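Next come two complexes, and both contain chain A; in the first it sits with chain B, in the second with chain C.
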Partner chain A sequence: MKAFSYVDAANEKDALASLGTERNQVLAIGGGMDLLGMMKDYLVQPVRLVNVKRLDATIARTPDGGLRIGSAVRLIDLIEHADARRMYPALVELAEQVGTPQIRNAGTVGGNLNQRPRCWYFRNEEFHCLKKGGATCFSVNGENQFHAIFGEGPCHIVHPSNLAVACLAYGATFRLAGPSGAREVEAEQYFQMPDHNLYAENVLQPNELLTHVTLPAPMAGLKSAAYEVRFKQAHDWPLAFATAALVMEGQTVKSARIVMGAVAPVPWRANEAERALAGKTLSEETAGRAALAAVQGAQPMSRNAYKVRVARTAVTRAILKAGGMKVV
Partner chain B sequence: MKVTITVNGTPYTRDVEPRTLLAYFLREHCGLTGTHVGCDTSSCGCCVAVLDGQTAVKTCTMFAVQADGHEILTVEGLAAGGALHPIQQAFSDQHGLHCGYCTPGMMLTTVALLKHTPAPTEAQIREGLAGNLCRCTGYNNIVKAVQQAADVLRQPAAATK
Partner chain C sequence: MAEARQVPEVAAPAVAQGNAAYAWPTHPTYMGTDVQRIDGPDKVTGRAKYSYDIQRPNMLYGRIVRSPHPRARVVAIDLTMARQAPGVKAALAVVEPNAILMFQGEEVAAVAAATEEQARDAARLVKVQYEVLPPLTSVEQAMSPDAPKVFPDGNVREGAAEETGDLAAGFKAAAHVVEQTYNTQVQTHVSLETHGCVCEWDGDKLTAWVSTQAVHGTREGFAQALKIPQANVRVITQYMGGGFGSKFAPDAQGIICANLAKQAGAPVHLMLDRKEEHLATGNRPSAYAKIRAGVSADGMLTAFDAQTWGTGGAGVGAGFPLPYIYQFPNRRRQHKDVYINAGGARAMRAPGHPQGCFITEVLMDELADLVKLDPVDFRMKNLPPDAPDARWRAYFPIAAKLFGWDKRHPTGDATPGPIKHGFGCSANRWGGGGRGSHAHCEILPDGGVIMRCGTQDIGTGTRTLVSIVTAETLGLPIDAVNTEIGDSLYPFSGGSGGSTTAASVTPAIRVTAVKALDALKAKVAPKLGVPPADLVASDGRLHARNDRAKGMTWKEACRTLGAEPIAVDGEWQPGLSASGTSGVQMAEVEVDTETGVSKVTRLVCVQDCGLIVDKLTAESQVIGGVLFGVNYALFEDRILDRNTGQMVNPNMEWYLIGGPSDVPEITAHLVDQPERGVIGLGEPPAVATAAAIANAIANATGVRLRSLPMTPDKVLAALEQQRAGGTR
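Let's turn to the complex of A and B:
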């Protein structure tokens, strides 16, 4: 890989001072799990890396009873955090599914959220695809069995982060620090569709850092779960998955947030499923109806129609699992 | 960049380029070739070493500069005083290797696994080794070796190991 300089930033201020305004020229490195792959494949050739592992790596209680997670927290630390597991089980269960043990030992929360897409055309140096400044999304007429079933393109990646999906379901906000201060962005506003931003998957600017994820206190009656469907149980990305966050009163769903993953270029909130579930008694039937609503607008590509069914199943099972019911 | 990494108890201070991978720091700068490079993409686990006595990491997907000031355990650091480490002995006893290429990574992952989970179930062993591929597919004997090592290391006499 191309030579670069390395800055071991002692704190957020130092790290921000080392960044630049040109995309992919100076990059933050946390665990490096995604970044080293990108560099080895010549997809990015930064002139400088800034180590952000010494920034906040703690999980702390917020005054309102939620949790504030530093971006430098490793996935293994999140997995082993008892409060996080009790309060936000879907987030922790998804962290447990990432990669392999060694990847979870090194990979960070910030890195998981900001990792680049796994589309094999994007990852292959030989394909000068839309996302890399080319003229074509090769997935349209190519091998698109793992690509998006939602969204209008022009790029058809699925967003690679599974924690992102849980962040939307729990209504997380992200703190972005930049040269002129910090801003708070709702998780739902953070991720961007390719027709808004083709060259990145989120609003983070090259001179900014995602420093914290703040999860609001769980509402009374909140029950949540995630369900992933995979080919392989290790070292793979899910075919489709869903997170359900239900506010329950007895067996009645007062309100729901349903978010699907690996189906669109961003974590895909299923508003129709949420409406279909609100006010209903939770059952296999109502969960199934919500799941059907969740995939109503799907527009599969030539080789991924099967994902519509997989996503529907993931939604049904996430809802049932959240409600503590038997997953069929 | 000057880095100091303590490998198997010995501090190695070397001037490295920031792009030097930890795997090549160990192999070429320290001369410790027991750490193998298989896939070079964090998939296969041949390059696993233990960071700071606790954590299995893939040294092909880590820059040496990221390990500056830290401690690394490699396969060369397992045997002590001419005696095999209980994990090495168990891999030998249970025929937990065919070609041996994956074995250092398997054993170092096992060091960290047994530190966190001293009495693992078979499922926990298989999950714990999910990031280590054996191209000879000798997984059953590898699992038996980890079980034997866990049994031996749990005995009081092995507490100093």
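Let's turn to the complex of A and C:
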């Protein structure tokens, strides 16, 4: 591992002052759950790490009745936060599904949102893939059973973050602090497809920090849930998952936000499914129809067509679960 | 071409013929009861030092440079930069220029440095120039007629056809015929402790702390490779985190470690990482079988015709038994070993058997469905005759009762909703048995007892077994015995493979302890005025058989020794162990037909292993074997990129191994057979699990998976095909 210096930033200002403009040269470290692995595998070799665990690690009520979550909040703190669980159950349920107890005890909200993809071509040094500056996405003609079923490429990773999916569903905004001040970016605008940004998965610049996630106050009648499909029940990545945030009036869905995870290089909003649900009475049939709409545009690769079925199931069940109905 | 290293099958009778002088006790105190591992507290507190934990003064860390390419010619190796890197004390090339590398992970060079991190960094500074050659990345590619000839004797080695009976007549007698192709994946050992060792030289004498299943075999391996006398090598394995058949020799990393230590003039610690484990330390070969099989209208097997093949990687065979257990009177089989550019196979927990069992048992259920017989009834009709090592006729009904097999529904769970439940069964066999272990016992004047044997406890509980048999024989508490194992300086004992350790070691311990006790009796007898033959040891006393009061405490008896302890040697003798086990497993699964995810919820294992020495560790073997089988059934798969041949999942992230929430409820029903003597149990319970699960999935879903692992994509594809009307 290349020798690196370590800055223990006392606050946001210190942290920002320590960052640089060149990608992967100076990196923020929270729980280190992803970064340490990346460094040990020689996938990044930063010259400096900036500890951001001392930045805001609180979960606070916002004036409009929402929650503002500091990036340094650990997943376990989010999981144990009663207001978060009551107001944004899908976010908390997805946090509970992350990794292992050790990872949830050390990993942070900011780290979960900004972790790098788990694509095995990206992670194995032997493969000099597109994302690492190479010429080929090896998944296209290779082993793509866990790769994306949405998106045009040229890279076919699935976004690894659980929380990101819930953030889109709840309409979260992210606060990015940089050398010339802070900006607010909607979660949906934060994550970027590989045809826009091949070497990173979001708009965060090397000299910026994601400092806060702000969740708007839940609308009246909001019912939400997440459903994750995984093969191994212990410590595995989901095959596909979905979050449904439904604004209900009795048994009628006034509006819906449906977001899928592990199916595309970004959290994948299913606009068609949302439209299919709007104004409908919630039932197994309407949920199923919305789920079918959600996967309508899927373009599976040679070995991952099964993920279309899995994603469809995840959407159906997330909707039913959100509506308080029997899931299976 | 190398064959997978295996412990040879033991030619031993299925029932111990008796050995009056050393017979196992008929009313044991400890044997056959639940005895906790004597080293359990040391293991859970970290006091137990595994090879990985060994620390020596001035110790360096070694790191191997491995080929990233499945097939390449080495053009040049330049160690200059690596030698100049911080902390580096040794660097060497493992192969010469022009060497042809045949698998990803093959050893090319190595370095040793003051810290593990420095060694890793320095290894990356070794400049190797490769001429990359096109590899054979899959069995299909290697078998295709236009594949390049990569292996000197051809990519495919065809075995002789085996034929019995009259195949044509067999098919003529068949009312139904199944024609299908089955396959199993390549599975790697994934021992919790990786391969490796610490090597330290003292002049021309080598001490090596090795994670090995064979301290004596590894001593021989070091001596041969390093061209030094065996007497100059000492191999120590006090604690070991599993080997499953992959750790019988120093291996390349052991020899490299010794050479680095020699060059550096300092001890070297060289333990592999998980990626190296997956790539270069062995695996279970894949298996494929294209089968035509016939069954008569009344449910009797008539014919079996199979083309089989599989790959054990670069130059290693891929044999497996087929058909497994059940009797096809007319049969033919033609097998081919296929070589590809991937790490070579090694023996792995019941080599060949899980493959043969899966293929045969899935076929059996297909045939049972055709003749509309319950799978258990169908099997009972076609089993070989009952024998001490073939007790399935007794075990199927026991398992059925424990499991509740009578609640099985016909193929395809008719319950509405996406979640389907199903039952499946299968049977297994294995050899086991003992041979030539030696032991040394000392009874000390202060009452202390030392039992020494150069066996190794690979995690199965051998250390505890040695203490149990010694304590049982001497009538002492288990903790009164000082058991010393895991060192090649101790009396010879063979490798722990083939489920032979218990059956090799415990008779040697019994013989040696009896001899030591006899020596003590001879000393004490005159003082008690009782003939030695009338003395017995029990409850910490040595006394007359018929008069407990006429005796003395163990300590008093030992005090009569004066200054000279009793020191005797003993060895394995026939009559205390046997060979051949049988077992039956039944599994219940829950399949989500909308996600393809299968979960094993319940598993019953009925298994014999001869005389049970420690019921607790025996049950642990069964539980471990079943977990092994669950992982083989559902999760494990060495995945090579089809284009480059490089492994995409050389880790424990994408090479899936079930965790706590994936573990079914396991019932381990051990059948004690004291009359047979000790046999061994490491392998048998791992054989039948995958087949039982496969049959349970078919029973649940109505679709049959003929390929391991049974991942969601395969389940969904089979269901899809069924909906399209493409399969039964």
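In this text, the second predicted complex is superposed on the first by the 328 of 328 C-alpha atoms of A that agree within 3 Å, B and C clash if a C-alpha of one lies under 4 Å from a C-alpha of the other, contacts with A are read in each partner's own complex, and residues count from 1 in each chain.
Here is the rule we go by: a residue touches a chain if its C-beta (ideal position, glycine included) is under 8 Å from a C-beta of that chain, and two chains touch if they have at least 3 such contacts.
Source: prediction; values computed, not measured.
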Chain B versus chain C as contact partner of A:G20, first or second or both or neither: neither
Which of chain B and chain C A:L49 touches, first, second, both or neither: first
Partner chain(s) touched by A:I29 [first = chain B, second = chain C, both, neither]: first
First (chain B), second (chain C), both or neither touched by A:N124: second
First (chain B), second (chain C), both or neither touched by A:M1: both
Partner chain(s) touched by A:F231 [first = chain B, second = chain C, both, neither]: second
Comparing the two partners chain B and chain C, which touches a greater set of residues in chain A: C
Contacts of A:G99 with chain B and chain C, given as first, second, both or neither: first
Doubly contacted residues of chain A, that is, touched by chain B and again by chain C: 1-2, 233-235
Chain B residues within the chain A interface of the complex: 1, 17-19, 21, 40-43, 45, 48, 51, 55-58, 61-63, 65-66, 68, 109, 112-113, 127-128, 130-131
Complex contacts: residues of chain A adjacent to chain B: 1-6, 8, 29, 32-33, 36-37, 40, 49, 51, 53, 76, 99-103, 105-106, 233-235
Contact footprint of chain C on chain A as seen in their complex: 1-2, 42, 118, 120-121, 124-127, 138, 141-143, 145-146, 229-237, 239, 303-306, 309-310, 313-314, 316, 328
Contact set on chain C toward chain A in their complex: 68, 104, 117, 120-121, 124, 417-419, 592, 594-597, 599, 634-635, 639, 641-644, 646-650, 653-654, 656, 658-662, 711-713, 716-717
